[in-house]
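Several structures are given next for inspection.
One chain, subunit A, links the two complexes that follow: it is found with subunit B in the first and with subunit C in the second.
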Partner chain A sequence: MKRFKMPPWLVLLLPAIIILSAVVLIPLVLSLYSSFTPYKLTRPESLYKWIGTFNYEKALGDTKFWAAFGRTILLLTIALNLEMLCGLGLALMVSKVTRGQRALRTAMMFPMMFSPILVGFQFKFIFNDNVGLVNNALQSLGITDMAIPWLVDGKLAMFAIIFAEMWTSTSVFAILILAGLFAIPQDPLEAAKVDGCTPIQSFRFVTLPFLMPFIYIAMAIRSLDVARAYDIVQIMTNGGPARRTELLWTLIGRTGYVDAKMGYANAMGYISIFLAIFFTIYFFRKLTAARAELGMGV
Partner chain B sequence: MAQVHLKNVVKKYGSLEVVHAINLDIEDGEFVVLVGPSGCGKSTTLRMIAGLEDISGGDIEIGDRVVNDLAPRDRNISMVFQNYALYPHMTVQENLGFSLKIAKFSQSEIDAAVQNAAEILSLTDLMDRKPGALSGGQRQRVAMGRAIVRHPDVFLFDEPLSNLDAKLRTQMRVEIKKLHQKVKSTIVYVTHDQIEAMTLADRIVIMRDGHIEQIGTPLDVFEHPVNTFVASFIGSPPMNFLEAQIDGGKIILQDGTALTMPAGYAANEGQKVTFGVRADNIMPQNHAMPAGNNMALVEMEVSLTEPLGTETLLFAELAGSEVQAKMLNPRPVQNGERLTFEISLDKCHIFDAQTGNALKAQ
Partner chain C sequence: MMQSVSAQNRKRIAKTAHFVGLFIAMSIICIPGLWIVLNSFRPTVEIMAKPPVWIPNELNLDHYRAMFGGAGEGGVPVLTYFRNSMIISITSTVIALLVGMGGGYAFARYHFKGKSAIFVGLMVTRAVPGVALSLPLFIIFARLGIIDTHFGIILAYVAMNVPFTIWLIDGFMRQIPKELAEAAEIDGCTRWQAFWRVEFPVARSGIASAGIFAFLTSWNEYALASQLSRSTTSKTMPVGLLDFTSEFTLNWGGMCALAVLMILPALVLTFLVQKHLIAGLTFGGVKG
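And now, the complex of A and B:
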């Protein structure tokens, strides 16, 4: 009897297949499957009960879920735009620096070097209503004599979170846009000067179109980042007060691990993935269009 | 339309002075070409006129205004760049109309001006394309079109043809000349190519190391170069130079060959000189050298030939230096063949061996 012999390509690919299955495929399939069960961490046998799309229907009808969904989009929109504007301003200023620019560029990356958890703790302290730096500073300057409840008031808490996000990640935009600024050919800018452009017009009509691809790359990266925002929020407000800063992934994390409803959490997770996919596709479309605009091909 | 005056214009980068107090007066409607080797300051001078570089001293006037401190947009100039400098994200139409749009002209005025420029440069079929979809020559035409829509006082061209292949360059040269005849504006044109300079210019300005060496009409600088630099730079192939001495009313080359001295240099008796003669004025005997010239005869061995079709360049050695001669009505010449050449003494140039300056015939 001839022994079964695997074809060589399969043998060679096998290590990769095994690792990918163990790390990606099996968890993916398992989580997808569990989203169709009432799986609770506390009752393992519930994993074997098939309930169809019940979890998905429940999530889509859940106001808490949609509130978190909307809040995530709000955070994404505000944070991304502010970071883009600040990053652009920062990059424009740094690009004009003639001495010590390298050191400055390195310093600009410092916020990205901290773990988001630590950034969360740092801003939790800064915005603390009793001992926080902000309130102390405001009171010492005599601007207010009240303790402003930064992390307790719903709107202020959202502001504090956006502020922390910006502090960490504006440099992502600044660095990518700076790279874009260095890559701009000087000739069209000089032509614009001769053609009668003021510096602002040169920026608007020549520099900015050149920068758009870089801005969209930064946007695509950051939109994924913010869409999965978890750590900073978890530390600073834990989704509170009264769920007013609850984002998608803090809600999903709470549902899965605190309430132990893993099946339901997985279903919400799969719906949320579409948000990230949507933003990625959106910004890559924009990127392609901006590159085509510059005649850079696609 | 305007004149341009440069008065003692200086450009320094830090302590390094790259343009040394140059003076230049350009007439209204004149086509002036700045020519010189790389790093001679010609582009810097042009960019100072454009306002893209500050000037470190002196005055620049366009029309009757001193424009030293005016931004480029206030000088009413337009410029064509070596790399075309088109706006890559705009169509040809938008590129052409951009300066007028910035100047807040009405859309109908812009359309008319753009249409007009497009017709002059035959760009009408390309209006909706972006620069990325154009060939080098087409981009060059768009760049020129962008310059002419504004009816500027002065056109500035910064080596506009150097990125084109040889054939296209010749073609665009003609286009530029025609353009000048049509728009009749003042043009300042920078190039390192002496053929462009000769063919385009009303007057040529030859620069070296931040100094102006000579200003004159193309024929003037060709026939009366003020020094060996200009003589070697203008004309192709470059002028032949031979070290010599004026002795006893003759020009004695280093190997003792004595040539009859052209008239008028008796006062320079005994002086060491550089004897210059162009290839066009050294020809094999009986080879179409115009009769009646004052000739010197020398015998040389041909070391190399370059047939160019209508003529052949001959390389030979005379008095220890390589000289180039020309043979009109070419016939095959073997390397190593010894020929008798005629040197036209009426067309030769005599320079001071030390300073390189041309000696004036008395």
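And now, the complex of A and C:
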């Protein structure tokens, strides 16, 4: 009897591969299949009817879908960039502190341990037009008499969501960038000073290139769960008012579970999956490139 | 003379700006959380007061008492949710760690064809949005009859945590010099023994922080849990938070109390490993 002996790395990786195939891959294949059917939860037999790309065509022709799609991209672009900039600013400020820096770093990690759902609820409370902290403060300071409808007005609600999203994720950037700042070798910085660089120049040409890999790590980590915004939005506005804060993910959830149109929801789900994978691969590539540039890729 | 004074002034201004900026940033980070904690101790009347009450007149434990009081008078079965959360998070973390240790070790110590492709492939599975994944999982789990069971949610969470655990453990393993294990093997250890006796103790803190990361992810997860759990038999705390909302009213105080209960374990765990966490993330990414 001839036995096939698996290489040790495969044995070690096998559990991970099996679990991920069972819980992620197979469901995704099923959802790919069901996205080509008119599957409704209430009518199980509809799973066996093949309707081709009808669901995808329907999604692509649906203005609600495109509105949600555009809004998702917009939210991600604004939020990720602002988080990066604020994180950079925060890290620079904290790195200059000489006393009590440990305490500051610890406090900075505070938002990271909040469940996204908790963040959503917390900011729903804070931005509440009646009893919320923001309105109470504004009214007590005499800045405004009105109760500003933060979560009722479409534009303000979007602002509130971006704020909540930033609150949770800025510290991820700040902490990683801070780690980068500590790892910067001092020699090039001193050389730049001797050569007569202004602080801004030495930041731009010495510090920033060195920080780039750290920024991309943070981006890569964030891109792994960009869909976290779903929890926040779900709680804060549930896509409302009148779908003005509807994101791709809330739209999918609503279509799948509330309207029970699983096939259609899966078709849209696939589009969101590709979006997430695109973000992930993009940032992992950037990460490798930035690493190679610094000669750390070996 | 004049110049040095203005230079000094500029320095002073920069210092003040730095301080003010830091103060504002830190306030924004800390106040929302502290406000929730404060409100969990305030009576509902005071939370709802118009004009707002800034300095609390009365702090009490009413919301906590109501919360732990059971499902009776508008209470939420918090203890059951807490237990569910604990069982699910701990079990899935332990399994994810075991699987992740195997995977991380494989990536750190072996060279094989398609290594980076497999690595990115594993990472990509983590990027699938919870909502999108929950749709097909819901269908399959319903067929298998494991909707609303601990087992189903644990299974989903293990899969969710494995890629990240592998990434972190891989990063930590790489920091340990290969020679260490090789020396042990020369001394007569098998590879298995070399791992447990030599490499594992060195990497222990790193593995622990990967574990805490996995625990926090499971502890805080909502999108999957909200669909895969139906009743008190498997509902976790993030899902239970919604029990305080009804069509038109929200029990803010009760929600705050549950929120505090949710944050506490996370807070303790994060403080325990914060140093390793940063090291793990950066080394895993930069030197990987």
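FYI, the second predicted complex is superposed on the first by the 262 of 298 C-alpha atoms of A that agree within 3 Å, B and C clash if a C-alpha of one lies under 4 Å from a C-alpha of the other, contacts with A are read in each partner's own complex, and residues count from 1 in each chain.
Please note the rule applied: contacts are C-beta pairs under 8 Å (C-beta built on N, C-alpha and C of every residue); 3 or more make two chains touch, one makes a residue touch a chain.
A quick note: this is a predicted structure, and the numbers were derived from the prediction, not measured.
Partners subunit B and subunit C, once the complexes are superposed on subunit A, both fit on it without clashing.
Using the contact criterion defined above for the overlaid structures, shared-chain residue A:Pro209 touches subunit B, although it does not reach subunit C. In the superposition on chain A, A:Ala276 makes contact with subunit C only, while subunit B stays out of contact range.
In the superposition on chain A, A:Glu190 contacts subunit B only, with no contact to subunit C. By the touch criterion defined above, A:Ile117 reaches subunit C but does not reach subunit B.
Between subunit B and subunit C, it is C that contacts the larger number of residues in subunit A.
In the superposition on chain A, A:Gly87 contacts neither subunit B nor subunit C.
By the touch criterion defined above, A:Gly256 lies against subunit C but remains apart from subunit B after alignment on the C-alpha atoms of chain A. Chain centres taken from Cα atoms put the angle at subunit A, between subunit B and subunit C, at 80 degrees to the nearest 10.
Overlay on chain A (Cα): least separation between subunit B and subunit C is 10 Å.
Common to the subunit B and subunit C interfaces on subunit A are residues 296.
The part of subunit A that touches subunit C in the complex is made up of residues 7-16, 19-20, 22-28, 30-31, 34, 86, 89-90, 93-94, 96-97, 104-118, 121-123, 125-126, 130-131, 133, 136, 139-140, 167, 171, 175-176, 178-180, 183, 213-214, 216-217, 220-221, 223-227, 230-231, 234, 249, 252-253, 256-257, 262, 265-266, 269-270, 272-273, 276-277, 279-281, 284, 287, 291, 296.
Residues 50-52, 71-73, 77-79, 81, 83-89, 98-99, 102-103, 130-133, 146, 150 of subunit B touch subunit A in their complex. Those residues of subunit C whose C-beta lies close enough to touch subunit A in the complex are 18, 21-22, 25-26, 28-33, 35-36, 39, 47-48, 50-52, 54, 98-100, 102-103, 105-106, 109-110, 112, 118, 120, 122-133, 135-137, 139-140, 155-156, 158-159, 162-164, 166, 191, 216, 219-223, 227, 238, 241, 252, 255-256, 259, 262-263, 266-267, 269-271, 274, 278-279, 281-282, 285-287.
Contact residues of subunit A toward subunit B in the complex are 185, 187-188, 190-198, 201, 205-206, 209-210, 293-297.
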